[in-house]
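Right after this note come the structures.
Below are two complexes that have chain A in common, paired first with chain B and then with chain C.
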Partner chain A sequence: MSSFDIVTSSFRIHRRRGHAVAEAVRAGAFAGAAAIAFALVGAYLIMDRRFVVEDIITLAQTVVLLFVLGGGHAAARSAARDGATAATAIGFGALAGLVAGLLFAAAILLVAHVGLRSHLVAASPMLVRAVTFLGAPGSAVAAAVLVTAGTAAGSVGAAAAMLRADRRTAVLIGLAALLGAGLFRDVFAGLLHNLPGLAALEPMVFGVGGVTPVAAAVIAVGAAGLSLVLHHRRRPPIAASTRRRIEGVLLVVLLVLVPLVTDAFVAQVAMLVGLYVLMAMGLNIELGLAGLVDLGFVAFFAVGAYTMALACSSDPRAAVHLSFWLALPLATTIAAVAGLLFGLPVLRVRGDYLAMATLGLGEIVRVLVVSDAMKPYLGGSQGIIEIARPSLGGWTLDTPLQFYFLALILAALVGLVSWRLQHSRIGRAWLAIREDEDVAQALGIDLVAAKLLAYTVGAAFAGMAGAVFAALIGSVYPHSFQLAISINVLAILVIGGLGSLPGVVVGSLVLIGLPELLREFGEFRYLFYGIALVVTMHLKTEGLWPAVARQEATDA
Partner chain B sequence: MSKVLEVSDLTVAYGAIRAVRNVSFRVEPGELVTIVGANGAGKTTVLNALCGLRDIRGGRIRLGTTDITHLPPQDRVALGLSQVPEGRRLFPRMTVAENLEIGAYTRREAAAVAADLEWVLELFPRLRERGRQLAGTLSGGEQQMVAMGRAVMARPDVLVLDEPTMGLAPQIVDLVLDALRAINANGVTVLLVEQNAYRALEIADRAFVLESGEIVMTGTGAELLDHPDIRNAYLGYDA
Partner chain C sequence: MPDPSDLLLDVRALGKRFGGLVAVREVDLAVRRGSVHAIIGPNGAGKTTAFNCITSFVKPTSGRILLDGERIDGLAPHRIAAHGVARTYQNVRLFANMTAIENVLVGEHLRLRTSFLDIVLRNGRFHREETAARARARDLLDFVGIGPRAGLLARAMPYGDQRRLEIARALATRPRLLMLDEPAAGMNPAEGMALVRLIERIRDDLGVTVLLIEHHMRVVMAISERITVFDRGAVLAEGAPNDIQNDDRVIAAYLGTRSTQEAHAVKLRAEARTA
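Here is the complex of A and B:
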């Protein structure tokens, strides 16, 4: 297995299936364990403050409910696969729900009556109160309510599994729409507020913390209905290519319009997404097309950022004083040259050493930048400040929204370049190398040259993103260039779909945009990140927006 | 347009083990020559050394008038040596058309490439409707056709093939070998490596027998077919 395969399959889960009863108990135990972990790490209490549906159900309750619904669903599906009737399958779902409920209730009783507080801060009386819906906190009645609710939720999840595929999808979409509206209340409320003529709707749809009950019903039923209508109206079906084109146009419209009509915070998040799109397009050339596993991508982001700093800052360390528009191509070029110089020795080595070498490079660059030796030139840990903002004929870009559009325009340019490269002779060669390096070589492809080109182009795009980043923030510090950035970009590609340009955008939105919008949940927002990752790789193994050729494989 | 392929004293080693020892042979322009040998005899090693995919311990390789011993693989392809690898090795997630196109990677003349593509599709009419299908979804026989077509797209002077009939049904084997003969008749020198000795010897002008990394016998295809040692060791029957 090459490191490319390992990277692209590492988020997937494979497991052997057992007997239906065992599967139901296992699914229930898994759901229960997830719910307990969710509660005991403190996520429950934080998310309990936020309503999904105003005054009806909180986010925390929704999450636990989803765990158990999922458990019941899984149990029923595995029973049905073994040939069980619908009623039996629902029974298995109820069993899974029962197991989950029992586990959860037991954990809560433990928290209520045995002091776990010294070990787990979140195992507090507050938690016990939060999950008490009837009776006294910690009482048998309260526990029985949890067990009953679990059993009911498991049965409901199982019943959903017994629906016809189109209806099951509709239910799923209805729920997802509701959850999305509740979770991203601020974004949508801001949207409604700023859209001319729709401002009056805002208080009707959104309460203080979530969706109003009436709006919730409308959203869920509406989304489910729409899904059913679209599913059945597609006769004759829309050609896959047409559909992709429509989706592409929608994506672009979304990218251009949404940040315009929402608030400054969303624009800031959008800006960050834009930067990641730029970077991910770079890594897409390396990993998505040529199959080069580059774990030190952040190095070139740093090179671009520091070049911008040294070219545009009023700091005495600055080498020259250029305008942003000259510094941008300069930073891109220097990052490309850095890529070329580093790639030259490293890319000659075949196989999996690249991942290790690049991982090292990322760290070397960061350590170099903080080092005392480079301090006179790069400012050490104090970094370089006062980087001039880009200006065009007296008009200076300074709001996040303006930077977002700058990033968007650059991303469009870079996307165009990527697209042309991908569909050129060299693009074919990259794909061939990714698929089978030895054969590519036997067919006359110069491996070192082709890889070096991919690596250099990727570095250039990363450098460009770094330069924009430096100009946006107005300063550069070594701590901005962590390994996590390389990993994020990698995950964006895997989630979006390797080798797919729209996938890059969707991946950035999902992995960078959504967690930023969920900042109110602190570190726990990564819970959604993790769930999104696992669920995506499970349901859509080729990514959210797979590259064309691969999608045809499923059509054919 | 055909070129001679000459190998002298070729030695290839994996660590301390010399898998190919002092092998010398010559394939004349336009010939169809086969190397037969049991599993592990060193056939694949010889071919990979010819194509520059394996470092060699000693010996020389000449293609036409050029000494290619130390050239990188891509230069050998450009000089007219192209390979159909063992086990077909298509790019499974690329389409049939893309697989064929990439075979012509070293060539720049679009019109000639298009003409060769047409020729490949005449050789293998089955591939005509399958241009947009992913190569990984083809049957074994179709995959072999694409692998051969891909190699032919490089417009080789010398085409080397590593066990192209492996794992194929008898009627598909016929199809593949017929196509190979047609390619050869079109002026391409062919070096065919086969474990399936009977079918290879039938169509070969000349043949070498490789055993434990050494050539132990040479002759015309017909001579070796009739040779009692060969009949016993490689054809699996005596008559």
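Here is the complex of A and C:
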């Protein structure tokens, strides 16, 4: 027995005795520590500039309260598991909130009155001001308010834990809607502003930094109410397939309308999301269907981009001068050929080794492109510039919004091809290989041929994305084709749900769209990004929008 | 010795060594066309290894394997399947996240001919072939008795149905030789007898030759025309069920496993002393 085992087993014994008080204190201490950690890395300083509810509560204050809320929730649930009544459980939640509030208030007093700045840059008077709800920053009154607010938040979190599941979901959705409205104020304000007839609503709903108090109440209560109504009016239950279809149509409508009526920045983000959707659909064939891990996927994106550059640029290195519409299928084809050529050596290895082999291939391509040897052809680190924009009958695509729609149309096309392949003998063979390679082979599936096909099709889709990317940016540089892109695409698939086409879209929106929209929080957006990843993988292990088969299995 | 043209599977002097361990040595196995042939023997006798050699899961170290007079040893596993050999597994190996009918459709892969372009265009040829394939798959599911469960995920099915589904999937490749690795494992006597009837129908209605590894003696004795007994990687005996039941060596191998092992160990020690 290792010392670690001893520690965990003693922890379990401790739990079984049902020390609900100790549990509550622990949950509170954990929440308080998390809130303090956020303070000391400086996250609140950036969030202080934003109100969730205008003039009432800032984002920084909301996040502090959310930590405590979570602590109270956890304490109450663990107490309820040990058989405590609702009232007792809420009491334990309040205790957790009190502990968290005390810890946090103590930390803030320390920051206010002891000079910690030489050690901790973020421990500034600004921080103290950011997390002060009432009273003079750093005063005993402010600290008391913090402790009280913490106790209240802990009780609220605990009370939510004691609700029936449907009501708990409603409360959660109401809170999430409010937080979302405040966080993405600019997007929603732009949306309201541009929607005909709704422009008058904008100043009523949104203040300068966040949601107005009245609108906040309407949004939170409305969202919670809607959740309850939807939950209970399923008397004649909607068939799962119909529901999925409705959800799918809604997704498409959103994809078309939202970038159309919001501002140029959103269109640019949407464009980026569109490119990632294209790429992720490619990797979905390789990894989602055939189960082939590919960490060098960006190589095919690069091949497509460079093909577009060499076919459409006015650069002297350009081999030919084609229109975008001819260069696009050419780039797709050449990327497919690259996939075939790369696949031949690496597809004979399995699993982890395949990941390493593809990682190597991706790096080889990047190094080749920056190398002096290829400089006369590919331009080295200076890249290739002046790539012609696509034009159609005298009309040139140049705004991000137009490119977004190009990407959307291509994604729809690629999605259709993917779906048809998936539901055919080829797709079944891929799934079979993913499930059990040896058995698939014993049933007559030629592993090398099937894997090569998956690799080739995936590479073609990525090449298409690369070609559009090159035409959008108007230039290609080797530094645009980093390993991080391969990793991002992989993460999109895992978060969205392996083998699921809607999952690809949702994954791209969450992993590419959100960080862009949260750009105002600078480096901290990656903190949220990381937390979101961990939480998603805990709560929805099959992804946000799992493939049908897996979803049915988890429903059953 | 039967007429060679009667033999569907003819294994000669098959040997398989894993490093220093000899799993199978000098095994001869002759399976007559249209018969049900059983392989029995204690655990570790090399039965599954022989199966794995025949289906090319592992490469034999020595010997020859002929199917209908044609050598198939050394071919890739998917080529063996194309030659008409299908199998099931000791521990059921279904595609767990696919539905029952999809599992069977994977088995039909060999027979499907639609091209990449047909599939992307979803043209008439694709629809015709897909419809026919689904109809055949449903027939096979009905044949093994799990037709109503076609839409269920394989992993959500009861164990007995999973075993039947595995047989349906193997049959979808339209094999000449069906190899079943302990099909009755984990079944109660009633289920075992239902399996016997299914195997008989596979032989009689579909004309498929069956080679099976099995421990349930009631099942083995009820359906096998011939039985080959494996022990420590070699063939101990071969014959009709009655002969096998009364064979002293077989009884010793089964009942006296312990004592013969001890005798073997004593002999080895004696040899080591004299060396």
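Keep in mind that, in the parts below, the second predicted complex is superposed on the first by the 519 of 556 C-alpha atoms of A that agree within 3 Å, B and C clash if a C-alpha of one lies under 4 Å from a C-alpha of the other, contacts with A are read in each partner's own complex, and residues count from 1 in each chain.
What we mean here is this: contacts are C-beta pairs under 8 Å (C-beta built on N, C-alpha and C of every residue); 3 or more make two chains touch, one makes a residue touch a chain.
What you see is a predicted model; the values in this text were computed from it and never measured.
Once chain A is used to superpose the two complexes, chain B occupies space that clashes with chain C. Judged by the touch definition given at the top, the superposed model places A:L453 against chain C, while chain B stays out of reach.
Judged by the touch definition given at the top, the superposed model places A:A432 against both chain B and chain C.
When both complexes are overlaid on chain A, the residue A:R164 reaches neither chain B nor chain C.
Of the two partner chains placed around the shared chain by superposition, chain B and chain C are both touched by A:L443. Once the two complexes are laid over each other on the shared chain, residue contacts for A:H119 go to neither chain B nor chain C.
In the overlay built on the shared chain, the residue A:S424 is in contact with chain C alone; chain B does not reach it. Set against each other, chain B and chain C touch different numbers of residues in chain A, with C touching more.
Residue overlap on chain A between its contacts with chain B in one complex and with chain C in the other: 425, 428-429, 431-432, 435-436, 438-446, 549-550, 552-553, 556.
Across the interface of their complex, chain A is touched by residues 51, 53, 72-74, 76-78, 82-83, 85, 89, 91-95, 98, 101-103, 105-106, 132-134, 136-137, 150-151, 154 of chain B.
Taken in their complex, chain C has these residues touching chain A: 55, 57, 76-78, 80-82, 86-87, 89, 93, 95-99, 102, 105-110, 112, 114, 116, 119-120, 122, 126, 130, 133, 153, 155-156, 169-170, 172-173.
By the touch criterion stated above, chain A contacts chain B in their complex at residues 425, 428-429, 431-432, 435-436, 438-446, 549-550, 552-553, 556. Residues 417, 420-421, 424-426, 428-429, 431-432, 435-436, 438-447, 453, 549-550, 552-553, 556 of chain A are the ones touching chain C in the complex.
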